[in-house]
Amino acid sequence: MLEEPFARIRASFAAQGLMQTFGAELTEISEGHAAIEAPITTDVSQQQGAAHAGVTFAIGDSAAGYAALSLMADDQEVMTAEMKIHLIAPATGEKLLAVGRVVKPGRRLFVAASDVWAISGAEHRHVATLLGTMVPVRA
Amino acid sequence: MLEEPFARIRASFAAQGLMQTFGAELTEISEGHAAIEAPITTDVSQQQGAAHAGVTFAIGDSAAGYAALSLMADDQEVMTAEMKIHLIAPATGEKLLAVGRVVKPGRRLFVAASDVWAISGAEHRHVATLLGTMVPVRA
Amino acid sequence: MLEEPFARIRASFAAQGLMQTFGAELTEISEGHAAIEAPITTDVSQQQGAAHAGVTFAIGDSAAGYAALSLMADDQEVMTAEMKIHLIAPATGEKLLAVGRVVKPGRRLFVAASDVWAISGAEHRHVATLLGTMVPVRA
Amino acid sequence: MLEEPFARIRASFAAQGLMQTFGAELTEISEGHAAIEAPITTDVSQQQGAAHAGVTFAIGDSAAGYAALSLMADDQEVMTAEMKIHLIAPATGEKLLAVGRVVKPGRRLFVAASDVWAISGAEHRHVATLLGTMVPVRA
């Protein structure tokens, strides 16, 4: 019986309580890429009503991490060693979309990045860019 | 009638939906310093049961931001331009404590930092360190 | 008399003593982009003979800065507020090439990035990626 | 015959061509700490006459790296995986002093930091703070 290729990534995502709290979904996963969406609601707002940087970071970091995990061996898990985020526009709209990618894979370290957009109807506004270091660890 | 000196910071914190979702509290605020606590629950977990990096980031970033805001003029708000986080140990335990401080105030930019600990009974484990750039903006 | 459009950028580059010490050249400048090259010699080596991270950083940071300056008003100068660098492969070969670009222009802050390659004959090896914050200041 | 405890670190520093080009000296080395000084001259200037960010970065990164190496096994070398720098004041004066320290040692990764001061007579001005990830590698 063939297993769905990224089944363990979907299972890992489903096991993240925070992603459920945010109502986030893993909408794409392929080799070296991952996308996550989350609604912008008052439950995740900052003091001016936009999505809090913590949500933007959480889905951006997870998208970069799963992009990296998609290129790792089956018995490996991924951990973020460090991550940088630039917040470049207010995260207002209906939902956030984070698209992660691998900049450089490696045996000991991966460099991974993601960009986050705020979506309002047909408008996509670029709200954040992330860059960081992922470490493969034994699961 | 005298106003509590950091009343606007407490009001700003109270207006952050995400901090309420996390059950977070602003436990300390003084000139150039701020502390925030949040319980570690399954609602904020990553796939292995520890607190998700998104929570650690959110309270670390907010603690650094309020530390900066405590030194700004009354008609200013604070925005994170960019923030870096190193995740140095698993965030397991009863609660997270983020302590923010100002590294360098400025007219146009503040450099601010924070450290996050996971607390289990009497044990404090250092789980993350953050460093970033805050911008004063007209409220 | 028409002035060469990026004359002030070329003048700024020529005024950097460090770029002369490195034998570096500004090989391209256009709106939002800049490229700088520097030879890899023992004068700029680290302990294992590759180019030192300090050189890779210096030309990567300058390429990002001039990419930003190319979009600023004539009476503005550019300063790096903060910069991040990932060193992803040893910087060995004949010369380094840094290519800078603007990720997000702004009135108060620019986000800029650059990538650095080590060139050996026809081979281009990606050795570093940089991302940071540039500030327009009155010249 | 007893060897000077940090002899291999002094040898590594002496083998860095860039540190010689900068006239830099390793002025302190102890477990988890290192200090490097370099004169501010027109050979290392940026366009306004202050020391170029590339020099500040180079000695700050090296101080952090040697602080980390001082805690590693004798058969290990250190490599910078990624490094962040905040430039918080102009680097003008007679010389730069970088003081590196280990924030968190580890088997696979070290978090290390450094601060850089510009010295003019008795005045020490804080000009930069760095934070990054160091990797122990087989020498």
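So that you can tell them apart, the chains are marked A, B, C and D in the order they are listed, and the count of residues begins at 1 in each.
Assume contacts are C-beta pairs under 8 Å (C-beta built on N, C-alpha and C of every residue); 3 or more make two chains touch, one makes a residue touch a chain.
Computed from a predicted model, the values in this text were never measured in an experiment.
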{"item": "Pair joined by more contacting C-beta pairs (A-B or B-D)", "value": "A-B"}
{"item": "Most distant chain from chain B, judged by the mean position of its C-alpha atoms", "value": "C"}
{"item": "Approximate Å spacing (C-alpha centroids) for the pair chain A, chain B", "value": "21"}
{"item": "Averaged-CA centre spacing for the pair chain D and chain B, given as whole angstrom", "value": "30"}
{"item": "Residues of chain C engaged with two or more neighbouring chains", "value": "81-82, 84, 86, 111, 133"}
{"item": "Overall pattern in which the protein chains touch one another (line/ring/star/complete/other)", "value": "complete"}
{"item": "Residue numbers on chain C that touch chain A, as the complex places them", "value": "84, 86, 88-89, 103-104, 106, 111, 126, 129, 131, 133"}
{"item": "Complex contacts: residues of chain D adjacent to chain A", "value": "81-82, 84, 108-109, 111, 133, 135"}
{"item": "For the chain D and chain C complex, residues of the former touching the latter", "value": "12-13, 15-21, 41-48, 52-55, 57-59, 61-62, 77, 79-87"}
